[in-house]
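Chain IDs A, B, C and D follow the sequence of writing; residue 1 opens each chain.
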Amino acid sequence: MVLRDVQSEYDLRNVYLKRVGVKGVRYPIVVLDKTNGVQSTIATINMYVDLPQNYRGTHMSRFIEVLNEYHLEINPKRVRDILHKLKDVLNAKRAVIEVEFPYFIKKQAPVTKSESYLEYICTFEAEIFDSRFDFLTSVVVPIHTLCPCSKEISDRGAHNQRAICKVSYESREMIWIEDIIEIVEKSASAPIFTLLKRPDEKYVTELAYDHPKFVEDVARDVALELKKYDKIKWYRVEVESFESIHAHNAYACVTSDELQG
Amino acid sequence: MVLRDVQSEYDLRNVYLKRVGVKGVRYPIVVLDKTNGVQSTIATINMYVDLPQNYRGTHMSRFIEVLNEYHLEINPKRVRDILHKLKDVLNAKRAVIEVEFPYFIKKQAPVTKSESYLEYICTFEAEIFDSRFDFLTSVVVPIHTLCPCSKEISDRGAHNQRAICKVSYESREMIWIEDIIEIVEKSASAPIFTLLKRPDEKYVTELAYDHPKFVEDVARDVALELKKYDKIKWYRVEVESFESIHAHNAYACVTSDELQG
Amino acid sequence: MVLRDVQSEYDLRNVYLKRVGVKGVRYPIVVLDKTNGVQSTIATINMYVDLPQNYRGTHMSRFIEVLNEYHLEINPKRVRDILHKLKDVLNAKRAVIEVEFPYFIKKQAPVTKSESYLEYICTFEAEIFDSRFDFLTSVVVPIHTLCPCSKEISDRGAHNQRAICKVSYESREMIWIEDIIEIVEKSASAPIFTLLKRPDEKYVTELAYDHPKFVEDVARDVALELKKYDKIKWYRVEVESFESIHAHNAYACVTSDELQG
Amino acid sequence: MVLRDVQSEYDLRNVYLKRVGVKGVRYPIVVLDKTNGVQSTIATINMYVDLPQNYRGTHMSRFIEVLNEYHLEINPKRVRDILHKLKDVLNAKRAVIEVEFPYFIKKQAPVTKSESYLEYICTFEAEIFDSRFDFLTSVVVPIHTLCPCSKEISDRGAHNQRAICKVSYESREMIWIEDIIEIVEKSASAPIFTLLKRPDEKYVTELAYDHPKFVEDVARDVALELKKYDKIKWYRVEVESFESIHAHNAYACVTSDELQG
């Protein structure tokens, strides 16, 4: 028995669709790891292609078939292969993939050198359109910020809080996520750790107190470091602090487009 | 035409269901407000009844019909009416309702008296079973905590952070949510505000520095205040701080059952 | 005592910040309602301005002060006033506001005319930059979709599911959200209701079975209706169905830029 | 320099705390896998102990140190070791751990046998108190349900939707999660798959249409299967369907306590 292919039927509405595909696919993947070669993780994946105006629908199952071929190694090169394959099997001009995954790094506490893992949420967003290939990497780094205004105006103490800094960038060649994280952690009032013993807690408390930073400061300091990085073509830095004196957050954003000087 | 009532059919499996009903219903409701009489808000509502072993299913639409009659005023007395009505129209022995809603209070900044609204997430959880009626109120209060250990061991500064304190209680007579919130905010290192001008920021920074509190301290201090409150039959205090030196949280919980002394 | 204004200090880093401000502010607001004049609801609000390269920080409290003046009526005209005010009090060239809020409409079931409320998540996103004012409205409409392929290839039944259609648009004059919702609900396999009695359930089941729609179909049909609407300058239609045979979603997106014919 | 141990100071408030500890720790772990021996995954972990009334605070860093020793193999036996260790290093009478993690199983489509991964969210919740050890395993299985009422009253079609069935159980000896999943998937209108080709889609559409199930039916059928399982001491079955004709969910719950007959 041949089952009718409804998706391939001719569509008379004459409406081109920019994106059709699958969203929120959860899949085990393997990514590159600077220290250990590779790291197993779990991704949330969106994959899209465009759909010409004369076709009724895309074939959703083919996205998963392509993912099946490649999920055991997701890296910039493989992402490009996936997109070419999607364009191919789905007769598309455009193919898009978005892969979000937690990435773990073993860190040493600053004084006792106690080790623990910290999670960084990373994203690959890539698109092929005709001959053009765009690849954007993002990493969300949890940090500590201490308010310069609060420190300055108060006789003692200063409010501080957990914050995140999300760096998104396009690069000329591959950059290790570890290198971006290092830039961000140095630009914060203090880095964040999963395991801190008392001497470490003393150290980060004083480090933060000695390096008060607004979200604006962190955004600018990260931007200036990224600017020195020849491999980076474009970037956006977003800093959001979970203000400890408010129930809402403070936010700052800079992109390389607007950077002055 | 008469449509068959599949739900009312006789069920041979002989399995009594403890809870059947609707979950995640979003509905506009009106609640009592100590200052203004009433407050319009938006609730997420779950409603359940039990189902005897000989019926195949409950009638989900009747839950919404009952809600339609009562949503314009949700308060402890009305909740009891809703549960009686649910038992009635659904031939149940047990009826349960859970209503979660944001509640806003206009607060004054400590020095400049600038006004702004702060959100407190509240919950009513009530159950009727035979002649027994249980009613649990919860309120989540965002607060500020400053770490006593960090203050003690550091030469300057102390890490602090946003935290929440959730108080759940059964009471002999109605208690204004505002009164519980006041207890919690006094037991924190400092309260939280949506609008703080510079003199206010100086005030709360120093207030917190002068009142360092572990999550354990906040839990105990709130518990001791609630213990004095004659109207309260039972309570649970949970404190969770979004540690600013970690990416995970610290947690403490006490219930009136375990309270010593 | 004069408290030092750290934010206003001269910044030597020479980095212009595109956006600085507050994020995730929860506030009670009042919006326009086609049937009842106004509707009370609760918003999640982000507000940003740009920050010239020579200033160290923005004044976060002023955002809340501006919101305090206007939150009792948030509509396109008022949003423009808010943005002008933000630019003014924060010496900015650019001001941005994003307001997300649940909006409730009382709907009648198709056969029994039983009434109930349904929630639609709406967003206003507006930006002033120099003399330019952009205002984007979005509404998320929960709908029902039935798969044309599944219906065609199966001897009986067809898989169907809850889906959402998000319409975002810029318009020449104000459009009632209710009118956009009507377009979407007519373009789905069936609309969604909070209260359906048995005759209504029969009606929507058969309606959906008689109107099978891929996400691609809904996107195209909504787009074609919006295209007829003279008041609309630009739009994007996104449809996402929570596929009942998968744990992931199907997605389609069309914008007025790509519309052919 | 010796840093003062504030946590160990004598507390005069005389309040025993039921639980203190860390919440929301994200950590890479390894779990047992029926087919492959082990599986790498990522957990969200809460760990608590009780705190006697005479101590001011617990030592949060020790929780992470214990986790560091054991995270590379989390299974029922190891969980018991972790709890003993926590009691030991934190001088507690009670120790609790909650570990939630995604677990992936490679499944074959019913007709074409195409393979793909499906995610099941699992939880281990364990507590040691004096000599008592409690261990609860939960697994959330995404399923497909088709409404018997809608099928019965409609001339054609029947509404159906994605649903989840969460089974929580205590067992006398270890049970493979895979075995619980199999019971649930057989009790649904149809199982769910990540990859289905057209012949598979026809199969599951017809399978579901031929096996209409209320949430009540799924709860009861799973319960009856679990009842046959000698290894299981106690269980709770919760079914929640994301109703495709509503924006809210239908829910049913049964525990082994209430099971009749």
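One rule holds for everything that comes next: a contact is a pair of C-beta atoms (placed from the backbone, for glycine too) under 8 Å apart; a residue touches a chain by one contact, two chains touch by 3 or more.
As the structure is a computational prediction, the values presented were derived from the model and not from experiment.
**Student:** Between A-B and A-D, which chain pair is linked by more C-beta pairs in contact?
**Tutor:** Most C-beta pairs in contact, of the two: A-B.
**Student:** Over half of the residue-numbered contact pairs in common: that is the test. Which of B-D, C-D or B-C passes it against A-C?
**Tutor:** B-D
**Student:** By mean C-alpha coordinates, which chain is most distant from chain D?
**Tutor:** C
**Student:** Distance from the CA centroid of chain B to that of chain D, rounded to the nearest Å?
**Tutor:** Once rounded, the distance between the two centres reads 25 Å.
**Student:** Could you give the separation in Å between the centres of chain A and chain B, each centre being the mean of its C-alpha atoms?
**Tutor:** For chain A versus chain B, the centre distance works out to 35 Å.
**Student:** Can you give the whole-Å distance between the Cα centres of chain A and chain D?
**Tutor:** Each chain's C-alpha centroid was found; their separation is 29 Å.
**Student:** For chain C, jot down the residues that touch at least 2 other chains.
**Tutor:** 3, 25-26, 119, 149, 153, 194, 196, 198, 202, 247-248
**Student:** Among line, ring, star, complete and other, which best matches the way these chains touch?
**Tutor:** Its topology is that of a complete graph.
**Student:** Within the complex, which stretch of chain D touches chain B?
**Tutor:** Going through chain D, the ones touching chain B are 3-4, 6-7, 11, 13-26, 46, 48, 51, 53, 56-58, 60, 148-149, 152-153, 214-217, 219-221, 223-224, 240, 247-255, 258-261.
**Student:** Where on chain D is chain A touching in the complex?
**Tutor:** Within the complex, chain D contacts chain A at residues 3, 5, 25-28, 40-42, 61, 64-65, 68, 102, 104, 114-117, 119, 194-199, 202.
**Student:** What residues on chain C touch chain D, complex-wise?
**Tutor:** Against chain D, chain C makes touches at 118-119, 142, 144, 146, 149-150, 153-162, 190, 192-194, 196, 198, 201-202, 204-206, 208-210, 242-248.
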